[in-house]
Amino acid sequence: MRLSAEPSLDVAEYGFTHRIRVRFVETDAMGIVHHSNYLAYFEEARVAYLAAIGHPFTSWREAGLESPVLESFVSYRLPCRFDEVLDVHLSLSAATRATFQMSYLVTVDGEVRSSGVTVHGCTTLDGRATRLPAWLGEMATERVGRSS
Amino acid sequence: MRLSAEPSLDVAEYGFTHRIRVRFVETDAMGIVHHSNYLAYFEEARVAYLAAIGHPFTSWREAGLESPVLESFVSYRLPCRFDEVLDVHLSLSAATRATFQMSYLVTVDGEVRSSGVTVHGCTTLDGRATRLPAWLGEMATERVGRSS
Amino acid sequence: MRLSAEPSLDVAEYGFTHRIRVRFVETDAMGIVHHSNYLAYFEEARVAYLAAIGHPFTSWREAGLESPVLESFVSYRLPCRFDEVLDVHLSLSAATRATFQMSYLVTVDGEVRSSGVTVHGCTTLDGRATRLPAWLGEMATERVGRSS
Amino acid sequence: MRLSAEPSLDVAEYGFTHRIRVRFVETDAMGIVHHSNYLAYFEEARVAYLAAIGHPFTSWREAGLESPVLESFVSYRLPCRFDEVLDVHLSLSAATRATFQMSYLVTVDGEVRSSGVTVHGCTTLDGRATRLPAWLGEMATERVGRSS
């Protein structure tokens, strides 16, 4: 397991927030959001974050890079329901030369519903592992430095 | 609308059947299969059919062809529920030089639950419209001839 | 087929618009949005519309009503891709005592990508067909009157 | 994190296998299975396993019990592609009075593609935590005993 940290349950530890309203298609016969959808929510938040910091995924692909998910972890604390508005808090929590890790906290009106972590690699478009973009390594170092 | 025919509700009109067990993830908060999943069921049946007649999608792609969906129609007659076993009946119901049409009937223990139609084009891998493979045009002509 | 009309391709015919950014999870190996996702986009727009006119789905359920999809039709004109921002235009296009019909047009920067129709019934929470809420019948009559 | 063990990469450690063919809808624009689908594959395998040992989910619900996912972990080792046939190997790997844990290994022709763990609770139908069914606790004890 490369996952190095459990995500914090403190909203203040996260530097970025993205809002998502739960779709009906995302619910299941228990009347709650099906657990597989949180990975899609994390991804949507990650895409919004990378765009917000000036490194959208579309620019990664133009640079010949993909960022596949190597590992994911989700903790389902309280269920989410149709039409609720989720705040997906996100932070870049670690990086090595070849991988980076993002942490997520999902809240509704400040109540913690879910948390999670994804670990990502960096590959060329034909799938071979390569180094992370320099800006990502630097940013991760700063962030991890600040939070410790 | 290119759709030329309402799908028959008579199982005997269909030449191929593919079984699918409903996944929990496919249900919604009404306790039934979400209506968007029928298009995925039709697609799974279509893939199985093309493999069964010796023209799997993987061979289309090797031949440089894609088969995008141009139109879809679904009639939701009775709901399907978690863990039910669906019989997806399928038939190739029409073809022109550039498009073909498939009809579907979903039954559970012989009871009709849903029916539908998809219309497909044929394109090169870079998305330009091209002629259907010859075998498909011939097959459609035979079938349509037979059923009239 | 209960569907009574092909959706207009003229944005001006639609009274409501809802924006959706394409998620990566919604793409497929052809590099475009998988055709089943348009039904989820239509649903998200429909939910937003009903909330905007003061009759959110949550109030339907509190009133003991569901609104199942009876039929769907989608025309896929041009593909949509990851991270594109879709304008889903919607209008209530017909209603009887027991069913109503909505039309959809999906554009990106004004370019038509897709159109569709859904037909809905009205049931009690245990699934029995019932009359539409009065406001919906009245609204549909006005709209259909105006557009003819 | 309640997850207590990384899943074994040795197929022989798993007592049950369920086959799933990758659907086209499950692929993404990287040309591979989107990472969120593995949770649906694990779920389908879990449902098949519980049915195979004589305790199908439908009987849980008749007994007034649900089994929500509390945590999930997935390690994506090699990608899976459209139309590949996955062997999802599964084993019940731990249990307490209130939770149980399942491990998964996904192989294609014997090659490891992915592994994972899910942790489950047990609740009444209105969502309150309750004890696991007795048979499940006993089975987990035996299995964990055997494998140590």
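Things to note:
To keep things simple, chains are lettered A, B, C and D as they appear, and every chain counts its residues starting from 1.
The rule we apply is simple: a contact is a pair of C-beta atoms (placed from the backbone, for glycine too) under 8 Å apart; a residue touches a chain by one contact, two chains touch by 3 or more.
Here the structure is a predicted model, which is why all the values come from computation and not from measurement.
Its interface matching that of B-C in over half of the contact pairs by residue number, A-D stands out among A-D, A-C or C-D. Just to note, of A-D and A-B, the chains joined by more C-beta pairs in contact are A-D.
Chain B and chain D have Cα centroids lying 30 Å from one another.
Distance between chain centres (mean CA atoms), chain A to chain D: 23 Å. Averaged C-alpha coordinates put the centre of chain A at 36 Å from the centre of chain B. Across the assembly, chain D contributes residues 24-25, 32, 36, 39-40, 43, 82 that each touch 2 or more other chains.
Taken in their complex, chain A has these residues touching chain C: 21, 23-25, 39-40, 43-44, 47, 56-58, 82-83. Interface residues of chain B, counted against chain A in their complex, comprise 24-25, 27-29, 31-32, 34, 36, 81-82.
Those residues of chain A lying in contact with chain D across their complex are 1, 3, 6, 30, 35-37, 39-40, 43, 66, 68-76, 79, 127.
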